Structure formats: structure tokens, C-alpha cells
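Both of the next two complexes hold chain A, though its partner changes from chain B to chain C.
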Partner chain A sequence: MAAAKNIDELSPAHKQVASHLQGKFGKRLLETSSFRGDLTYVVSPQDWLEVLTYCRDAEELRFDRLDSLLGNHFPEREDQPFEVIAHLVSIPHTTRIRIKTRLAEGETLPTVTGVWPSASFDERETWEMFGVVFEGHPNLTRLLTVPDFDGYPLRKDFPLQGRVGGRIRWNFKGEI
Partner chain B sequence: MGIADPRDPRQIRDLTSALRTPSNVEVQKALEAEEDHIPGVTVTTLDKVLNFGSTVSYWPLLFGLACCAFEMMAMAGPRWDISRFGMEAMRASPRQADGMIISGWVSIKMAPRVIRLYEQIPDPKWVVVMGSCATSGNIWNTYNVVQGIDALLPVDVYIPGCPPRPEALWQGLEMIRRRIREGRHGYDNMRTIPVRAALGE
Partner chain C sequence: MSAPLEEKVEQRTRPTLEELKERKARNRQRVSDNAEVMTISMGPHHPSTHGVFRMDLDLDGEVIVDVRPEVGNLHRGMEKLAESKTYHQIIPLTDRLHYVVSFSQNEGYCEAVEKLMGIEVPERAKYIRSMCHEMCRIANHIIWLGFLVMDLGAITFQQITFREREYIMDLWEMLTGARLTHSFARIGGVAKDIPDGFREKMAAALEVIPKRMAEYDRLIRNNRIFLARGKDVGIFTSEDCAAWRVTGPTLRAAGCPRDLRKDEPFAAYDQLDFNVCVEYEADVIARYVLRMNEIYESIKIIKQCLDEMPDGPVIAEDAFHVIPPKKDVLRSSAAMIQDFVQVFRGPQVPKGEVYKAVETSQGELAFYIVSDGSPKPQRLRITTPCFYHCQAMQPLLQGEMLADIVGIFCGVDVCLGSCDR
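Presenting the complex of A and B:
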């Protein structure tokens, strides 16, 4: 019987990605982990745009698709409660990678809409749900909630029940 | 001209009126008092004819909101097949629809659009509310879900379930057909529809 494959082991393509990124950025990758063969790197907010642009442009990486960009909130981390996560996919190399960054309350992040235009909706959602501001975004307006909504609903301290913040807009002329 | 009734020779029945064409005035009177029978004329009202027509051609608006919409699609598909009742022609334009099936939860951002679609459907219209979400908000007592669409629109039939089986939707549509036959609408006893009251119109 063949030995069961270790699902946490990196594939050769992912090993190449890991060694390339570590050779390029070294200590600027604050943390590394891998889960079920997917790599995760944590970078600082200052390196966010540079690392992501490099991931798209370097010949060996070619992460030409931004799968999704989302936020997360960890209230127990006092100094940096917010996390922004980018999932990248490389279609030519069939690899994927996660890049994370951690933010303090009120800290901003440069937009990556210039790198992948599809980041626009994701960044708008992250801003409306967590209050993370993306500097340089061409149209940072509310996407899923009403325009005059008050509060950031996916923060852990947002009340689960009740109609907090939202209300039905009656006057929707010019909104459709 | 008259003939004797064999059962009661004293009573002479005059059949002259039965054998001639009724005058317009008589037809009018017969229509007003429906029990009066004039041979050769089926007495009904235009409303009844139209209502009978509507029962076999209730066209819902082609409009799905959330997970319940999949059961609605199953209902339109070949397995449950609402085309047996003339409902398969789901109209993509509210101007051609007879009513709407609100299939799923209505977010606060979506509510004005739902209201606008409802208002664009010509009268008479019948609204089916499908599933717990549209009925009461279900478990989503949260910041972005309307807690029951009946706060905004007059509703004819509520179908419970999460989601209701297509059979349940079928029964709801049967109830709609009955209401159409009887000429009853959700807004019959309302002075104004709730959303207009909220708007202050």
C-alpha cells in the first residue's frame, strides 16, 4: 500500500515560490506558515503594495489574479486588531498564496486597484465592513449597505441583533 | 298563445316571453339580478369572466431574491411544472406580470427596488410571500434585513418554511388562484398600502 500523501507538504511549484520570495524579501516577511499546501506570509503595511506588485510582476511568480481581498478583526490583539488578507492565484504556474498584513485602528493601507483593477469591489467591502481605509482608491463608497449606514458591521464589537445603523431609504431617486 | 299545465289546469303558463329574443332592457335587468333566467343567455359578469381567465394565466414576476428562489425555479421546471396551471410564463417585466413571489430575504438596500417593482405591476395584483425570511426576517434579526415584507407591501399568501418545498409553493399558488376566482386582493381593506403610509403620501 502506498504511503498516504502528506497534505500539508508544499508542492514543488510552491516550494519554488517560497524560496524566491524569501530570497527577495528576507526579513521583511514577518511570519510564514503553510496550511494544506498553501503558503501564507505576513508583511508590514509599509511593504504591502511593494510585495503585491512584485508578486504580480516577477517572472517566477506571475500571480496575475487576485482571488479575493478581505479583512478580519481580532479584538484581543490590542495593538493591531485588523488584518487584511489577499489571496493570489497564478494561472501560468498554477500556484496560490496568501499575503496578510496587520493594522492598528485608524491605520491606512495603499490601494492595490492599480495592480489588479478587480480589487476595487473587495476594498470597498473591506472598508465598509471593517473601516480600513484604502488610500488612493478611486471610489471608496458603500457597496452592500445603504449609503448613510452608520458603523462597521463585521467588527466583532458590532451588535449581532437589532437594526443598528441601517434604515430603509425611502427617497431613492437617482440611486438605481 | 298559452298552454295548460297538466299538473294544475287552473294555471296557464305563458311561454311567449321564453320564445322571443329578450330586449336589451331585459338582459340588463337579468344581469343585475343574477338568479333570473332567460333562456338562451348565460348570465355572468365581466369580472367573473376575467377572473376565470386570470386563474389559468397567473403570471408571476421573474424575480428571485435569495435561496428560496431555487425552490421557485424548481417549481417552474419540469418536475413540478407550474405550466400546468398557466403560470410558466414568468414575466421579466413588471408591466406584464399579475403579481410577484417574494422569494427570500429582502435587504434594506433591496427594499426600495422591491417596492418599485411592486408598484410597477398593474392592478389587480397578488403577492405571495415565500419562506420565513420574507415573512418575518427568520433568524436574520440583523442590521441589513427587513423584518417581514408585510411592513411594506400588502400580502395575499404567506408560505412558511426555510425554504418551503415546491409543493408548499404550489399550495400557495392554488390559494392565489382561489383568491383570484373570488376577486379578493391583499390590499382590499387597506386605505393605503403600508409603504405609502410610511412615505406620508
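Presenting the complex of A and C:
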């Protein structure tokens, strides 16, 4: 990953955000990087909710909108193969920021639906596509795939073609 | 000709956020405590859902207590599919997201890839892109109006709006050779320069469309049914919009002048002179007035683009990332090698991740691309506005009447192809 040296190339608005977050969280921001003007922070899953809530509420930051929340899978990383990525937007300051966290297989993440209700669909999609469980989510059910779909399609080990998981069982009796 | 829409805007009030909240609370029907809640399913084949969208409605009489939107009937696994294709091959996939405004989706994807690869797009291509964006916006807003009025009960009107959209479709046909899914944007520019006779045809279309808009205005603006079914219906304040990630015309109709064309300029928008339209009443009528004003702004932008467009190439000269123009491929061996390499192996991409959002006619469309250095993306996430608009049906519809669902649903402009990806 690009190191913190690229921080100097940031726009003035991003520099303010960076210095403010660095002052507040310090060592708890595990990694800081910037690529093509996008500012990225990596936090631990324990700090996830706190950092995101702070980003929304702090007067200097005011990231009042969650632009998207998504997952990613890196099978080559042995201990923490999953990433959950949140993109935040500040409408008053017109700045953007990306906050990531890395998860091990089976590790859960607290939901941010209490901070931004729009995260609900995003978290459902991330759960059904990657199998990342969001604790406290009000309705963590399959969103885009059929309710009895088997497997997590966007994981890298899920095949692109074939009949794995996609079979619809017509006699399915579960909750829809 | 009736008076232009600007006059009407002046007469409209500018309620504050508190007033809007109060108005919204007052409009919402009170659900009695011991109400007998009935659950019915609306869709997925309901004609007003503009695609396959299902809602589970909890009803107390005619008042909506709760809504559970269900999407996914059109899920095609585009993000998984994109991971197996090179960056050039993904462009036709993005067409199929929203088939009314295909170019905006193409262009948004190409902007993201160009940001990842660090490609500088030629000026002329930027102007063509801006022009095409506005063509999309005009076509989409006109067709949206037709569907809105159809949902509110006047079916003939929809046929009239399709007539005007045809002008834009003919222009697309002339420019790209296709009418619906034209894959016109390329990484590093656009596929073709504008053909001979295009300017004249465009000028003729831009002459006709405002006249027809005045005609629509005369038909609808003072229509008692339209006003009664749209005024103070489906109020969604700017606070709600931020919480539920509702963007585009719905956000601007709630008094928030957020437009990525101004805030984070892409294509040639930083060199063009235009206004961001804002409305303040946050209801269905405000969304209608806002979209109609946006069409006038779009017409202004297209005229500027055609007048100020500089000469030059329409695609970047970059041997590592760009497919060269076809006429060069057949004449020079260097271009032929470049074409082979690009088609069979794909572009050379640096490692990294980018996020790029553009303003389409529905709202903010964003692409998140992770590259691991190979010619295929490691992950492509398409963040479409319609996905969140479908989700926002729950707060939008709670407390409203059953019969207003169709108007509100159409009012925020949802395309299910774009929602389900």
C-alpha cells in the first residue's frame, strides 16, 4: 500500500480532514494512504463504529452522508481476507473520505444503520455477497439473490459459471 | 406559448427545514393504536413499478404503516462478471444498467478508469461527453414526466412525451449508430467525432423541444388533478436525503444545491456556464418543476458545447491504455500493434483503488475500482442512485395514502435495471 508520504499531495480540504482525524485517533488509524487524490484510512473492527460516528458528528468533518458501503475479498491474505469499505461524503465541505477495516473469516462488524439508515441495503448486500455478518442489523436477509441461495457469490473462490448455489428449490418452505 | 417556468418559481414559497418537517408530519395520516394492519404485496408486475420491484405494504385502511421494499429480481451479477473482463470489455456492461441514459453510465465508468490510470482526456472529447450527458438528461426527464403523468392517470400524455424523446433518439442514432445501448464512451475519450449534419439536426431539435415543453406546461401546470395529487405529497427533506443517500433531483428539490457537475466537475463542466436548479418544497410538484428547469439548463449547455468545442482528437494518444481509432489501425503498424495488445491483453494498470462519482439524471452514480495490476479489475462496485432510491421508499411512503404510492415512486425516478445490477 502507498505510505503516508503521499499525504502531502492532498488538497487543502483533505489536509484539514487528515490532520483532524490524526489528532483525534492517532495510533488507532492503522494505515493512512492516498492514491489519485482519494484519502484512505484503515481502522480495526473494534473502532469501526466509533470512527464512523465521529466522522459524521464532528463539526470540522461533517461527513453527513454514507456514499457507499461495500465488501472485498483478498484470498491471498491469510489472516484477514475480508475488507469492508465505507465511502463518506460531506455535502457542506464537498470532501470525500474512504474508511476501511479488515476482517478475519467469521469475524463480525457492528452495524452502522443507526448512524446512517441508508447502510441497511449496503450491509445486506455485503453480507449476502461476502458472508460478513453485521451485528445488530435489523433485517439481515438476502437482498439481490434468491432467499435460498447457497454460498457467497462475490468471494473469489466462488465460480463465475456453473450451477453452484444458484439452483432455485421450488419446494422451499423457509421465510421469504 | 405560456409563461416560462421561471415565473412560477418566483411565486412559490421557500419553506425552511422546520416548516417542511411540520408539513410532512401534518400530511401524514395518523395511524390509530388499535389499527388492524393488513399486509399486501404490491408488484413485481405492477405497471407503475417501472420494472420488477415488489413492496410489502402494511396498511391500516388506506394509510401505509410500513413498507418493505424488495429488489433483486433483475440481478445479473454484473460485478462478478466484470471481474472476468478487461477494462475495455466492461463498457458495454455498463450500458445495461440504466437503458434510458446509457451514455451517463458509460461515461461514469470511463471517468473512474481514467482516474485509476491517470489518463488526460482531450478537450474535444470532454465537450462531446458533456453534450451527451445533457442529451441523456433531456431524454430521461422528458420520459420521466410522461411516466409520472401516466401514473397519475393520464395515459395519453406519455405518448406525447415519447414523441419528443424521439428527437434525442434520432440524434443518438446519428452520433453513435445505436438508439438505446450505444457504448459510446471509451477509456480516454469517445468512440467517434460528431458527424456532418449533426449540428443542424441538434439545432432543429433544440428549437422544437422548448416549444413542446411549453405545451406540456400548458397541459399540466394548472391541472387540478395533477396539483391535488402532487402538492405536499411525498415530502422528503434534505436531512432525510442525506440520511438515506437520496441524490439528484430529489435532493435539489428539497433545497440543497448539490450537483456534482459544479461540486466535483467532470467532463467539461468546469468550463461551461450553467446554473444548478433548486426547488424548496420537496414534494412531487417541486420535483416536476425542478426537472423541467433542468431541461432548459441542459439545452443551454448543449448549445454552449457545440459553440465552444475546440478542434482536435476525440481520444487520448496513450499507447498503454487506449484503443486507437479504427482508421489508424488500418493504416499504421504501430496503431495496429496497440490495437492487438489492448484487445487481447488489455490495458496496463497501476495498483490502487479509486472512487469516482458523476452526476447522472437520477442522481450520483459512483464506481469503485480496485486494481491489482492485472488488466482485469480485482473488484468493481457500481453504486447506483436507484439502489438507494428504492430503499428510501420506506421513509417516503410511511403515513402516505395507498393511492399516492405510484406518484411518489415515480417522483424519485427509479430504474430497476440500475438498482439490481
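Note that in this section the second predicted complex is superposed on the first by the 159 of 176 C-alpha atoms of A that agree within 3 Å, B and C clash if a C-alpha of one lies under 4 Å from a C-alpha of the other, contacts with A are read in each partner's own complex, and residues count from 1 in each chain.
Here is the rule we go by: contacts are C-beta pairs under 8 Å (C-beta built on N, C-alpha and C of every residue); 3 or more make two chains touch, one makes a residue touch a chain.
None of the values given here were measured: they were computed from a predicted structure.
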**Asked** For A:153, is the partner it touches chain B (first), chain C (second), both, or none of the two (neither)?
**Response** both
Counting residues of chain A touched by each of chain B and chain C, the higher count belongs to C
Note to self: Quick one: is A:117 in contact with chain B, with chain C, with both, or with neither? Answer first, second, both or neither.
What the structure shows: second
In chain A, both chain B and chain C touch residues 144-145, 153, 158, 160
Seen from chain A, its contact residues with chain C in the complex are 2, 35-36, 38, 40, 64-68, 70, 72-73, 85, 87, 91, 94, 96, 98, 116-118, 120-121, 142-145, 153-154, 158, 160
Note: in the complex, chain C contacts chain A through residues 71-72, 75, 77, 79-81, 83-84, 115-116, 118, 242-245, 256, 258, 263-264, 352-355, 357, 364, 366, 368, 370, 378-379, 381, 383, 387-388, 390-392, 395, 420-421
Counting only contacts in the complex, chain B reaches chain A at residues 107-109, 111-113, 116, 141-144, 146-147, 152, 198-199
Per the touch rule above, chain A residues touching chain B in the complex are 144-146, 149, 151, 153, 158, 160-170, 172, 175-176
